[in-house]
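Two complexes come next, and they have one chain in common, chain A, joined by chain B in the first and chain C in the second.
Then we have the complex of A and B:
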């Protein structure tokens, strides 16, 4: 547990020193939301129906691209060997990185949510339900994003391979359920109405975390 | 080597004979469907290819686990071969399903049906698996990373199978416990088709693994004589 805490603090320190992830997330989410606003400025559309997919696609791409440097920078800065030689298990590296990225990305998503409501003024939904969905959806994005980022950092063309590997798996599991649940929330549903979807997303979160915790050893070793 | 060749020939023989029988059963023996007519006959091959693609991806999953446990590259070759053959059967399932959809629904594809969507995503996941292998930097890294990704990708399979049962949409459910939707002769033809395709899969997998092993041997020989890797 101590090792997890150390990695957690180390990740936060590295992130706040370089602000690589924070900067790219801010700019990217702003660009994505603006592009959607532009795309839907010329046609008539129902704000409530489109709000949920737009929000999740923003979270998805923002999260994906900001997760891309987290293992790659260990290689680039030559800290990977040190990390692997340290007397801690690879699983705690995964957990530490997961928690740190979860914290940073959740804060960034709250900010994105604000921009989103400015650009797409929907009726205020049940905030408890919306925030719960965002929280558990983010756990899924970060848990799987961490594994795939570790895999793609060891590949040639890692920038291309990250979306290629992450999009199919994440899109149909966490994102698909989150989009349908969030659509209901925007249409007026409350937390208890979307319990079924929440359980579904939580199941995926648990699976992704377990896979990452158990298999990160094999990804990092080569 | 000869024993292996004999087994492969035997499997091929069973596959060819049972496919011929299954074609006869599907096209001649079974009665025409009361509502869909002759179009329904594609169903035997559609379901068989879909099941074999699930089986193939399941083999990739199990072989990936065995590789990670034993670090024996033999299992990695099996996982790779099975993923490739699985993609072919998954493609067949998607194509035969679309043909049926055109006749039954009037359109080739329904995006709102989650089962169709998840099966397409399953196909994409294993295309990504091949892309991962193509971009790996070393043999060991290729085996490790693709084993992990194959394990993650396999979670699509139960979802794809169960999608029409969970979400209740357009895609028909074949094995329903409440109502027997299949006549006995149709069920028999389906079982034979699945049996035939299983042997076809086994033959393709054996051949694919054999080719991959030969390719690796050639590369080893090239290394030995100091030639360039082509």
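Then we have the complex of A and C:
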């Protein structure tokens, strides 16, 4: 646990000083939300139906592009081998990075949510249900994003490879279920009404975390 | 007779069809300063990465303190220090924060005192709170040496440590290495530069075509340089 905490604190310090993830997430999410707002301003649309996909597209792309450099910057700075030489388990590196990125991205998502409600003033009768869905969806995005970021950091053109690897898996698991459940919440459903989707997303969160925890050893060292 | 710290027997490594190491046999004793020379592409970095457990060998046997080296062994990693031409340091962190980070990873006891004493030892105490992004290459290399010896390893590997250093920084680095060696630390270097490396070598070797083809203890720089050139000429045809 000491190694996980050490990596976690280092990641937060490096991120808050470089602001690499924060800047890319903030700019991208703002661009997506405003683009959709202005695109839909010229046509009639149902706010309740469109709000959920737009929100999750924002979270998905924001997360994907901000998670992209987290392993690559270790290679670029030449620090990856320094980590691998240390007498710690590679899974500690994965967990430390996962927790730090989860914290940063969750904070960014809360901020994005406020901007989203300004541009898309949708009624949300059950805020707890919405926040629960955002939280568990984010765990899936960050867990899988971390592992795919580690895989793609070893590949040429990693910026292109990350979405190619991430989109098919995340879209058909966490994102589609989150979009469906969030649509229901915007339409008036409560936490208990979307429990089926929550269980489904949580199952994928567990799978992604387990895959990352078990495979990171081979991904980082080979 | 000095204790054998590292023994490599018939180490081989290839990348695809390219055979990089072709049967390396090497013994390093406690207190050694062994410098391995070789031309670019001779396989020096591959060898030092295998010896320091970063890379696995294809075949052969590697033992450290009588224990067979396993690549993912935490015990073995704790006994090894590694300094590369890449400093393995975070530009966003200060010198002190970088060392504190690695000290935590290595579970160094009396972390604060150890970090302070090493910062003094490498002459960076007065810059310890500055982010290392503002450091010169020589300063980063000195801090990198502090990082490599932070956990008091028994053997320290150096991969082209002089790369990009000016003459003064090279002298400071060599002085540090000699001082640490006098305190009992064992060093294994690789470099292609005889001028910088040979002056502090206790033992020297030449890597050519994936094998250590020549070894000498002490000896004269001029004679060694001639032999080295002869080997390189044969290698390149």
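The rule is short, and it goes like this: the second predicted complex is superposed on the first by the 221 of 222 C-alpha atoms of A that agree within 3 Å, B and C clash if a C-alpha of one lies under 4 Å from a C-alpha of the other, contacts with A are read in each partner's own complex, and residues count from 1 in each chain.
Note that contacts are C-beta pairs under 8 Å (C-beta built on N, C-alpha and C of every residue); 3 or more make two chains touch, one makes a residue touch a chain.
Please read these numbers as outputs of a predicted model, since none were measured by experiment.
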Superposed partners chain B and chain C on chain A - clash or fit: fit
Chain B versus chain C as contact partner of A:117, first or second or both or neither: neither
First (chain B), second (chain C), both or neither touched by A:78: second
Partner chain(s) touched by A:45 [first = chain B, second = chain C, both, neither]: neither
Following superposition on chain A: angle at chain A, chain B versus chain C, Cα, nearest 10°: 90
First (chain B), second (chain C), both or neither touched by A:88: second
Chain B versus chain C as contact partner of A:156, first or second or both or neither: first
First, second, both or neither for A:221, with chain B first and chain C second: both
Touched partner set for A:147, first chain B, second chain C, both or neither: first
Which superposed partner A:10 touches (first chain B, second chain C, both, neither): second
Distance in angstrom between the closest Cα atoms of chain C and chain B, superposition on A: 5
Intersection of the chain A residues that touch chain B with those that touch chain C: 221
Complex contact set, residues of chain A against chain C: 2-3, 6, 10, 13-14, 17-18, 77-79, 81-89, 217, 221
Residues of chain B defined as touching chain A within the complex: 68, 114, 117-118, 121, 124-125, 128, 131-132, 135-138, 140-141, 144-145, 147-149, 151-153, 155-156, 159
Touching residues on chain A, where the partner in the complex is chain B: 144, 147, 151, 154-157, 161, 164-165, 167-169, 171-173, 176, 207-208, 211, 215, 218-219, 221-222
Contacting residues of chain C [partner chain A, same complex]: 52-54, 71-72, 74-75, 77-78, 80, 82, 84, 86-93, 97, 101-102, 104-107, 131, 147
